[in-house]
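The two complexes that follow have chain A in common; it is paired with chain B in the first and with chain C in the second.
Presenting the complex of A and B:
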């Protein structure tokens, strides 16, 4: 072989080696991460327009996705397969996030001002409830293409929409704030939505949730006491008023401070509701909605969240008592423990079988993780001004 | 360049091309399948020692794993992340299956004769209930290494173990068939398990399940009427007998035909139980266990399974009525529909939000999929003599 030939062969070998290394790297990048998604979740970093992706098997941070806009009051739902999060921002942004690849799949700004959303029971549709323009928009969960626009128009006026949840029967139910109506939209044929309207439910319903496995839809009323209840198994029976002791109380709250009903939880056959403006948790029988007890607590409750087996209810509080979380013992309906996770506790989320509870302490830039049985702190995750915490197990539960 | 040099260079290029193609193929193989696991599940092919892996977003078969031994009465639980299934075989086999890669990770034969298992609330431990030798063995969920052996010995005799489930507090609860006892094993320190024993619960408890979100543990009694109930929130209150109308009935069944209690379901505040030996479904108030109704049905019920929102209960039947499934309307407690999915209906499983129900028709070699709302058949999956159907959403629910 001549020296030129040797050089050419050597060059070939060198190229081979470079190519080999390149392809090996490419292969490992292409491999992505093959992993289960049942233990994933997101933490909203409200001030940064970003979500942190976490996993709760080993309690670690596995990624982050930013560029999500205004995430005040942001909430999220998850795709049927648990791979994607849909994040609803206050600015009308709807973002689809791939939790495995930690990347933004698509982001649209679908309204001027929005307040949460839902995913249909079959996982095919994402619905968003909008303040401006008032109504519900429905998107294909795969592409985020618009498939239906449902203006909330009553008596010639557009209404803000709140309390949007999916039903087991494939519909969406939501509440018109200005008009005081509950609507059930059947979107089996998105081009021809069939809407059932329940007017006159009371003044200024500010939020709505389903309890009792998705059976009962309740709307809180800003303008008067009590809750409006619609039995989704028998909507023909209409809306009735329950729990007349619940509501504005002696001193009506200013309307600009919208409370939320997501704080309602069911445990041991009772509904636990944060009393409005009082240092109390209200307890009502989930069958009759008769008041069972009022539990004195540390401050004005914000979220009441049941451990998945219903044995405990954990509660956080409004400013200036927002450094504290209390644990209600459900059988005795008494406060059993008081914890101080840190400044500005914003949200609480249990793992699906209740072996951990994650608590965001905004002004500590931390999410603290506790064992609900021993109250031991199991660990913490760093996050910038964390607010909402959402785990993929929500994809398996109606109304979450 | 000489011709030798050109040939060497050409050879180099050729090698490069071959290597490139090889690496491209290797890369795609290494990539595995990046996908969510929230919509996965398995169908047991009882006669073939094999499970079929399915996904319910698009209702398709995505793989199969064989070599699992005797799968009569096989059941399964899922890892916390939804990636792995643990299959319990009658022959004492415990198999860990990777649902994404469709491969057997490990299989051990841990006893001579076994009857199901459970996964701890934190996902770290797999427990198996054994007939021979009677007791419970506990394995590390990651490695399947044995971490604790709990012989079920009472008064010097080993007892068969049935009705093994995990509790929210990290323990396992199970029933000793021969001794007539319920045991709660706290395995927080597997080397020093702490066992609480509840003796004298009644003659020959043949199975046990938790209902009411994991709060109440009930054991069926073969030797007498009624059920043994243990409130896991107040175990110190002891075991009490409920529903005395439930049990052997007028004609005691032969012991070789072990019935199972997994057929019990809760919907709309009531427990639905297959009556033993009668063409009836028993309905009891989940709070008081007082009998509410007896619903006449097509045959001897085997499984009663609630749609996740509790609006319907679907029931299959024992031979010779096992070609039929009936749908109970929960508000009216009446049979609303009768379907004929085919010969030898073995099992029913709902998708987590109830938009589909999958039904195995063993002698049709088919799993049929229905829309519970319209009763339309949405599709079918071919499987050899299918029996149990298990979806990964079970990983998010206590007692499944």
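Presenting the complex of A and C:
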């Protein structure tokens, strides 16, 4: 072989190698985009206007999306395929995020002050509950175009709206904080919504949630001891008060953070609910809603979330007890374990089958991950002032 | 009426006796208080104080209110509303410092 021929051959080999490397990189990049969504989720970085995208199979951070505005009290729902997250911000922002591409698809500011939202059972509508102006707005899930505006007006006054959830019947249920009413809005024809109103449910209902697989809707009351219960199988029976007088007339303790009813579920045939102004969890029989027990806990409960099989209920607390999480043993109705994940525990979320629980510690800038069986810490993910944690498994759960 | 007036005068006298803000509060404590204001007050009033379940605490919203009344609201809460008393962890001086921060605007 001549030296020229050898040089040409070497050059050829080199170009082939470059081409091969290029193809390998391109293929791996493409492989990165082909993945399922069942193990994805988001962590809200409340002070940075950003959400972190995580996966819980290997417990890692896989991306982030910026520019989401004021995310104090932000929450999220998911499209039924788990690909898109709809994030509801305090500033009225509604952001649609593509978890696979880690990008913002669209963001609108639909009100002055918002608190949360829901996705319809068919996945086509996104409803947002607003404080200012008080009411619910409904958007097309694909385009985020407005399809219905439902002002929450009672006796000539607009009311803040809390506790917005979807029903299996295609309706939305929500609670008017100032007016003390529960409304069911049927939006089968968005241009002509049909609203059933249940007034006089009690003073300052601060949140509402469906329990028992969507059978009942329950609203917690700040202004009085007790909760308002609406049987969604028989709404014509009206709202009834349950667990009334749980404070036994004692002066309530100050509440440094409002409890949240999200995550309240049936465990072992009972519903576990945060008391308001008591350092107790209230336990009610889900069939009769009669009080079964009260469990003394470390502080004012904020979230009380059952492991998916109901064997444990994990509870976090309001300031100044918010460095602690307690684990309730459901069969014995007792606190079994006390953990200290760190300063300002904001939220907790179980993986769909309960092999992990993720806990955000805001002032530690960390999300800690525990094994609920052994309580061993499995790892942690860095996040700036993390608050809400939302996994895509919510996409398939009614009321989430 | 007279009781309300003399109460008001007492509150005003008290306000005049408050030290200038920041005085005697060390840097670490100021940082704790600033975080408390944004994050914990913010859980009801919004991170940017534009309001939530609790009312807005923006400078314009507070313009009509006296420092003394605001300090007292922080320390003793507002009975009949969700606003809790913070006296268990805040001094008069620290509450006054927080009011000054609110008047400047948080962030």
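One rule holds for everything that comes next: the second predicted complex is superposed on the first by the 352 of 400 C-alpha atoms of A that agree within 3 Å, B and C clash if a C-alpha of one lies under 4 Å from a C-alpha of the other, contacts with A are read in each partner's own complex, and residues count from 1 in each chain.
The rule is short, and it goes like this: a residue touches a chain if its C-beta (ideal position, glycine included) is under 8 Å from a C-beta of that chain, and two chains touch if they have at least 3 such contacts.
Since we're looking at a predicted model, the values are computed, not measured.
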>> One more residue to check, A:214. First (chain B), second (chain C), both or neither?
In response: first
With both complexes superposed on chain A, which partner does A:385 reach: first (chain B), second (chain C), both or neither?
second
In the overlay, answer first, second, both or neither for which of chain B and chain C A:279 touches. neither
- [ ] Give one of first, second, both or neither to describe whether A:70 is in contact with chain B, with chain C, with both, or with none.
- [x] second
Between chain B and chain C, more residues of chain A are touched by B
Does the superposition put A:320 against chain B (first), chain C (second), both, or neither? second
Overlap of chain B and chain C contacts on chain A, residues none
The answer for chain C against chain A in the complex is residues 35, 38-40, 42-44, 46-48, 50-53, 77, 82, 84-85, 88-89
Listed in rising order, chain A residues that touch chain C in their complex are 46-47, 70-73, 90-91, 112-113, 115, 131-132, 160, 177, 204, 206, 222, 254-258, 319-320, 344, 362-363, 385
Residue positions on chain B within touch of chain A in the complex are 1-2, 4-9, 11-13, 15-16, 19-20, 23-24, 26-28, 30-39, 55-57, 78-84, 100-101, 121-123, 166-170, 213-215, 233-234, 268-269, 287, 307-311, 330-331, 352-356, 373, 392-393, 395-398
